[in-house]
Every structure is written in structure tokens, then in C-alpha cells.
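Next come two complexes, and both contain chain A; in the first it sits with chain B, in the second with chain C.
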Partner chain A sequence: MTTRPGRVIRFTLVGLRTHLLYMSRSVTTVLFTIATPVLYSLIAIYLSHAATHPARVIQASVAAGLMGIWSSVLFQSGTAFQRQRRLGVLELIVGAPTPILLALFPITLATAVIGAYAMATTVFCAVVFFGASITPFLSPLFLAAVLVCIVTLGFVGVLMACSFIMLRNAYALVNTLEHPIWMLSGMMVPLSALPGWLHPLSWLLPSMWGTQAVRDSVVGGPVAVPITIALGTGATYLALAVFTVKRVERRALALATLTLA
Partner chain B sequence: MWRQVCARQSDAADRLAESAAIESANLRRVYTVRTGWRRRTTKEIHAVQGVTFSVERGELFGLLGPNGAGKTTIIKMLNTLLLPTAGSARVLGYDVVKHPVAVRQRIGYVFGGDRGLYDRLSGLDNLRFFAELYGVDPAVQRRRIGTLLDMVGLIGRERERVEGYSRGMRQRLHIARGLLNEPEVLFLDEPSIGVDPVAARDLRAIIKELAAGGTTVLLTTHYMAEADELCDRVAVIVAGRFKALGRPADIKASVVNDQVLEICARSVRDVHLDALRRLPGVRSVGVDNHSDGASVILVRADGTSNFHASAIRTLNDLWIIRVNTRQASLEDAYIALMSPAQGTGIGTQTSPVGPL
Partner chain C sequence: MRTFRVTLIGGIISYRALFHWVRPASFVGSLLAAPLFQLLFFVFLGRALGVADDRFYVLGNVILSATGACIFGGAMGVANERVYGTLGHVLLSTCRRGALWAGRSLPYAVNAVAVMVFTLACATALLGVRMPVGSLAGLAAAMVVGSLSCTAFGIMIGAIGLRFRNVDTIADAAMMLLVIATGAEVPHSALPIWLDGIGLFLPLTNAIDAARGSVDGLAGSAVMIDVGREVLVGVGYAGLAAVLLKYFEYRSRSGLSLDAV
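Moving on, here comes the complex of A and B:
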């Protein structure tokens, strides 16, 4: 398969449509993706007495939406190989002339888009049930920041999916990564609440910069810098995935793990 | 119309004289299995033990063998999904280890069973995705998908979700998927497994047409009649080694002088089978017990011996329903090859084995 930009974009879009359609037809996946962040946002709103502070409602809703995006990327991308393996299509993907990294990207991108359902739901709840203004959520900056979050988390998802190709029990590992990333990205609590020695770890995460961009976009802060850094760190994760995937693929072909359930 | 799908591209014609479609030299694959937790032990399973063969362009080649014989392992090494432990293999002149992408661009892979499709998507969505994945030119995708759907008889059902398809429909969709990139070599790994006789017949018709259109097909199957009907040549593989390789007629010839006596009877016991085995000239005795209490005893014997009367006499205390004699089939030859005492007599592989 050619890797001309036009074909890459076309494949990404067709792949995104395919996997988005496939995942969206799982009622369990969609319900889980939507329901959990709504619960988190309700808890955050009541804990911070945000009901009487519209600005806090917005902050809590956005944070819960971001948590939903990360959870979706983490669980769905982390287990992407396992899912394709269970469906029996992993061998067909690996055995296709399309580079495996390109074949994987639409899957992980779809998981991030599914995660955006969470953001849409928490924003909807904030506006309809807690009287938050819809205006900040309609600004191009907010939409751009969310889009950057989705794409960069998709990049992170590619790296995770590549790294987990050898793990048949990836679920066990992804479980342990959910809450730490929430914390380190400043989704659950402000970064200032974390010890200083953890901050460098946070800086390495595109999700932290994406979170900052989304937050700043709704409160009118500067968005360009966090968006740029989010894209930069996301690209670094993609480069790591490129470095990893060939080795992992070769190892999987040597150890015959592509079809093991 | 769909014969056009199988039309070979001009570059394939240019390479025609260069190499065989598939060449394998002393191909080996060892799986390492680890067991235990505290005391981990490692065991090596030699799935393929030095297989050498070649398949000419346009040939329909069958791999026959019992479960675990190494058929699928060979196919996966040839279609770049497994790295050989030793030896080498080339598909259309490209080394499967050094040039996997070149191989992948030119082959199709279809396997049997329910898996290998996105079941919550329609057949059409599946084909669209795999067409992109296999790099089919967008300008020809729509027409080719339509042609393939027509070929496999799924026109009108293509917008339904695959989860609602029957096994036969899924298998036909698999075939369509495997042909999206107009492969020069098609690997079919037990494509008719679990499908009903009518669907299996349809699949055989499709495979025949593909071969007639010039596609090289490597087929694995458990169904001897299928292999006999379809294949130009077959290889019988047992425990990772070829036991026979040749045209089905040649392999059948190894037992063509044998007589096969089928006796349908009730209340068959081991003592009867043992008595039959002791008769002069008898090579093998098998039995197939039916749920209604009847059994079909299969006696294969040296063609020169006159054992019919003595066989019937041996079973004189049984209620014999039917007796039938027939010529030996490929299945009889296969069973003979599986038998340790008699399996080395014909076509035993010499390396390398060329087309007969």
C-alpha cells in the first residue's frame, strides 16, 4: 500500500468510520463511556458546591469529560489488539500491505472520538441541569482544544496498542493506568495539589497539556501554547510507536501470538 | 463477469517465466511452549519439519492432513504471518521474510469459521474497510466490490449486518474479502469447514472458477472429495512432514489395486473387527457407528485376494443390512497414508519435489 498523504488520509477516514461505527454499535461501550463521566461530574459539582458557582460547573463538567476521553482511549486502545484478535481480524490487519501503525491509528482515534461522547454528555448535563452557559462550549477554541485532545490521545493510544500487542491480559495493566493519568493530567485535581516532584511527569503527558488547553478555552485563557505542546508531545508518542511497532510485530510473528486468545 | 476479477495484471505475466508461484525449501517451524508456574518447563513443538515443495502459477494445490499436522502453519509462513524457524520460502519470487510487503500486496488469505469479520458491520462496510486496508485504488473499489458481491451471491444482502449472516454467507464474504486486491496467489485454509453441503458446493464452484481464471490457489481441507475434485496436485502432511505429493490420481493409484468392501450391519463388536483383520489380504479395517445402532465396516484388502466370502462368513452372526464393493478413493489412500504400517509406500517426499 502506498503511503502517499492522500491515501493515508483516506485510509484514516475510512478506518475511523469503520471502527467508530463498530464501537458505537456496542450499547455497553457507549453506556459505560457516557454514564461514568456523568457520575464523576455530578460528584465533582456537589463536592465543590459548584451548583451555586456556574464557573465551577463548567470546570467540573469539562474535567469529567476529559476523564471520559482518557478512559475510553486507555481501555479501548490498550485492548485494541486483543479485540481485533478476538474478532479474528488481527491476522488480516497484520497481513495487509498497509503499515500496521497506519492500520492501528483509526482504531485508537475512534476510541478517542467515542470518548468525546462523554464530553458532549457532561457539557449537556452542565447546561441543561445546572444552568451553565453554552457559550464557552461553542467557541472555536474549545472545539479546537477538544480536537487536539482527541488526536493526541489517539497518538498515545497507538503507542499503548503497540506496546500491548504481546500482552494477552492487557486489561490488567490498563486498569492500573486510569487513575494515575487522571491525576497527573490535572483532570481530577489541579496540578498544584500534586507534589512538585510529580510535575515533570505531568509535563510529559499530552493529556496534561490538552486538559490545560480545554480548561483555558472555557475560561478565556491562552490556548495556543498548551495546544502546541500537546501536539508536540503527542507527536513524540507517535514517534515512539513507530520505533516500537516494527520490533513488536516481528516478535509477534516469531512467537506466533497473533491468534492466541 | 467476475472472471475479470481474476484477470492477472500485466506485470504478473512479465514475471511468469521468472519463478513458480510458491517455492519452499526445507521450511521448518518450531513452537516453544512454556508450562508450569514455579517450575517452568519449556517444550519445543516441531510443527513443520523441513518441507520442500513448489506450486506452479495457476495451479490449484491441496494440503491434506489431520489436525495439528502443520497445514495452517505452512500457510501462515507463506503468507508472512509467521516467521520460519529455518529454511526459506518465496511467493511469486519474493522472499516471505525479506520482502513481506511485496508478498502481501499480491496474495489473498481466506480461512474458515465464523471469525475474521466485523460482525456488527454490514458485509459492504467490511469490504469497504478491507479494500482500503489492502490498498485497492479508490477509483475501482466500488465496481470491484459490486463484482465480488455478485460473484459470491451476496447481492441484496450486503447492507445487512454480518452477525445475521449464516455460516455459508460469512464464508462467501470471506472469499470476496480475500479477492479484493485481485491476488495472484490465494491461500484458502479450510474454507468449507462447517458449511452445509449446498454452500460447500457453491464454494467449490467459486474456487474452480478462480483457478480457471489463472489464480494460483493453495487449499487446505479435511474433505478428501473436495481435494479430489478441485486440486491439480495434493500433498499429504503428517506430523510436519510430507508423506506424499502428487496428483490425486497418482496418490489414489497407490491403493487402486485394493478392494474396498463396505458392510452395513447391526450389533458389530470388536471381536468381529479383529476377526476381519486376521483374514488373509486384509490391509485395514475401520468402522463408523451410526446413532440408529447400525455400523458401516470398511474393509480394504489386497486386490488379488478373494476375501469377500470369508468376510461375510466372519460376520455370519450379525444382521447384515447391505454389502457394497467399490474402487479405492482418495480418502482410502489418505487413510492408508495415515496408517503407520502402510503410510510410506507411495510418493514419499524426496527433496525437492517438483510438479509431477
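Moving on, here comes the complex of A and C:
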């Protein structure tokens, strides 16, 4: 019943709106979604003495915005099921006829959209406080690349949420993954600065391809290839999430410890 | 004897009971792995921007790695009494407040030093950064004094958490301020004057300068000046924490709202 395309789209949009409003009401969530990227963009600007170089300011603000999207997805999606457990609705979600993945995707997508607040804030700071031009940020290619980043990181968030559902200490893992993915995605640290043996790991991340697409859209490079690869790798993560959630669901039903894990 | 018991044994018990990250997974993820990855992030960023050598970022981030244990630990060690409903018992107890709160500080300071040593050891092994043997005494002094002053800062935040509910938000904001204003990631010369000035009144700023000065071969007296400044900052925050704790305790008694502040 709930897997017809029209219903899936409607379910996703309604769920996205619901969770977006819910998360946006949390001052802590919004504050740190915005503040952390601004902090890192300021660090990059001060380090590279970029305050008088608008191009460097744009690079730093875009990089920090992408970091904010990942942080939002990581912290909110990684602990999505723990949050639902705390709210007392996890068993209802798992027990409902709606596939868990379909119930989960709007949550993780909302976390990525919340992360876009970071991009908007860092761009605002770059334009208002450092005199960067707003033109690159209004181009359709830039907006499309950011949208692809949001969607593909939403897919990654689904896999994370499914994987972490049985972990009591998911927050510890979440704390650990922030900086590594920033580095491996080349968001602020260029991949050329990393050891060569890490580069193949980067290629497996949709965030790396999304970052390249966003960066290319700002400097006028080719965007189609990285966007395509980002969507492809993101779809792979979604497929992994489908496989993982089926196993998790079977295990949760067998052990009956969903509310206790 | 009673004071000793309250300080030492009470401190250890409260550390075990109130510090959420004492569980092995959380301890490793949040206190060991996360600071190490942050260190690597800034080392690679520094290499990419050509701002400073690896040693600059290693020393800055080693000292900064104390923030997790000190700030969140100090905050949890005080504010979690209200979360668990034991604040009234603490405030009604007749034990000396100085011994009580000092005892809660010590485990976090020890924890912070252990985290610093671990981070330094890993950075040395992974990046090949070597510290001169003659600098170890100054480095150790910087670590110990930095952890104590940062813990006093954390206790002060915890005291604020007795009055305001979102102590995690305050602690996160404090950590961000330390990242950008202490000179750990951005050299003092690259910071705006007003931000560098704020950093003088924050914990860890002088400890970081002492650590770098010691490793760079500065005279012991110069290093001790920075250590002395860090001590002063720590004493200031300890005093502020004591005043806040006393004040909030007075307010809760006068308002008959021991657990409802």
C-alpha cells in the first residue's frame, strides 16, 4: 500500500516537512549546525589571510558549509533511532506497515536540509562580512550541486541510522566520524594533502564527489561528472541501507530489545 | 580525614556516576579518537595552507584535547546532579563545599592529562614529530596546569548549568571559543586583535604558549611565565565557579527550589 510511487513521494515530503519543523525548533541543533561551520570558515580565512582575497573567502565558506551539512547528517541521522527511542515511538515505527526505510528517509533528508542552513550562513557571512560576490552562489549549477550533496548525504544518513540502531553508544561513533569524513571528502583539506593510500577511500564517498561538484560549480569547472558519480555512490549507500535495515528489523523482532538497546 | 574522603573518594564516585563518557566506547570515541582526528585535520590543513609546521598544530591540539574531559566533564560533574535528581542531596549535605567541588574536579583533570599524553604519543607515532627531551618538563607543566585551569572552567560552566537547562549548548559554545581564540589552530598574529585579547582570558591559551615555548627551546623562565599566567587564569575560573555555586545554592535554598532551579 505505502510503496506506490505517489504515496512514497507524499510520505517523504510530509515526513520531511514534519522532521524539518521539529528539528528547526531545537535551538541547540540549529545553533551548532550554523556555528561550527562559521567557526571553521573563520579559521580557514584567518589561516590563509583570506580576508582580503574574496576568492579564498568563497572557497572557505563553501568548504565550511559542506562540513556543516555532513556534521548535521552525522549527528542527527546517526542518532535518529536513539532519538525515536527516547521519544517512545521507535517500536511504533518498526512495527508499522510502512517500510522502516521509508519512515527513516525523511528524517535523514531533513538532517541534510538542516545542514543546508550551514551553507546559507557561511555564504551570508562571506558576502556580508568579507565582501565576497554573491553571484557564484546564485548559479543554477551551484544550487544543483548543493541539492545533490543534500540528497546523497541523506542516503548516507539512512545507512548510518540503520547501522547504529542497535548501538547504545552510537554517539561515540558519531563523534569519531566527523573529522575523518571532512578530510576524506576534501571539503576543506585538499585531497592532495592527504597520504596517497587514503585517496581510494575518498572515491567511495558520495560526499567527496558532491564536494567536487560544488567546488567546480563555483569556479566554473565541469559539474556533470562529479554529480553523476555522487548520485551513483549515494544510490549504492541506499542499497546497502536496504540490506542492513532488513537484517536489523529481523534481529530487532527476534530479540525484542528494541526499546532497550 | 573526612575532608580527604569527600575529596578523593567522593570525586571518584561522582566521576563514575555522572560522567557519561566513562563507558569504554564513549571514552575511546569521544575522548581519544575524536581529538586525534581533529589534530590530524588541522595538521593536514596547515600543510595545505603552508601556515605553520606540524609541530605547531600537534602541540596546540594536544593541549586542546583536554577540552572534552575538562569542559564536558566539569559540566556533567555538576549539572548532572540535577538531571539525576540528586542535587537536593548534595546541597543539603553538610560536607565542605570546597572539598566537594574540588574532589569532582580532580578526576577530570587527571583524565585530561591522560588524553593529552595519548594524543601526543599518537601524533608522534603517526606524524614523526619529535619533542626534544629537554622540553618534556615544560611540556608536562603546561599539560598539568592547562588541564586544571580548563577543569575549573568546566566546573564554572557546570555551575551555570544549575541555573540554565541547556548546559550542553553552553559547553559546546565554550569549546568552539577555545578552538578559535586560544591560538591552538590559528597563530596569535593571524587572529584579529579583539579575538586574541579574548583568548588571554581563556584557559589553555597560556598553556599552549608554554608548551610551544618549551619545545622551541625558550628559557625556562619564559615558559614559567606562561605557566604562571595559566595558573592565574585557572584560579580566576575556580573562584568564579565557587562564587556561582555558592550563589545558586543560596538561591535554591531561599526559593525552596533545590531541584527546580
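Please note the rule applied: the second predicted complex is superposed on the first by the 259 of 261 C-alpha atoms of A that agree within 3 Å, B and C clash if a C-alpha of one lies under 4 Å from a C-alpha of the other, contacts with A are read in each partner's own complex, and residues count from 1 in each chain.
Definition applied: contacts are C-beta pairs under 8 Å (C-beta built on N, C-alpha and C of every residue); 3 or more make two chains touch, one makes a residue touch a chain.
Just so you know, these numbers come straight off a predicted model, no measurement behind them.
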Clash or fit: what happens to chain B and chain C when chain A is overlaid? fit
Is A:Leu87 touching anything from chain B or chain C once the two structures are fitted on A? First, second, both or neither. first
Which of chain B and chain C A:Ala193 touches, first, second, both or neither: second
In the superposed arrangement, which partner chain does A:Thr135 touch: chain B (first), chain C (second), both, or neither? neither
For A:Met183 in the superposed arrangement: first (chain B), second (chain C), both or neither? second
May I ask you to decide whether A:Leu42 touches chain B, chain C, both, or neither, giving the answer as first, second, both or neither? second
Looking at the overlay, what does A:Leu31 touch: chain B (first), chain C (second), both, or neither? second
With chain A as the corner point, what is the angle to chain B and chain C based on their C-alpha centres after superposing, as a multiple of 10 degrees? 90
Which partner does A:Phe11 contact after superposing on A: first (chain B), second (chain C), both, neither? first
Mind working out whether A:Asn175 is in touch with chain B, chain C, both or neither, as first, second, both or neither? second
With the superposition applied, I'd like the minimum CA-CA separation between chain B and chain C in Å. 11
So which positions on chain A get touched by both chain B and chain C? none
Would you mind writing out the residues of chain A in touch with chain C in their complex? 27-28, 31-32, 35-36, 39, 42-44, 46-49, 168-169, 171-176, 178-180, 182-183, 188-190, 192-194
In the complex, chain A touches chain B at residues 1-2, 7, 10-11, 14-15, 18, 21-22, 25-26, 87-89, 91-98, 103, 250, 253-256, 258
Give every residue of chain B touching chain A within the complex, in rising order. 31-32, 76, 79-83, 101, 104-105, 109, 111, 113-121, 125, 128-130, 132-135, 138, 177, 181
Which bits of chain C are touching chain A when the two form their complex? 21, 23, 25-30, 33-34, 37-38, 40-41, 44-49, 51, 166, 168-169, 172-173, 176, 179-180, 185-186, 190-192
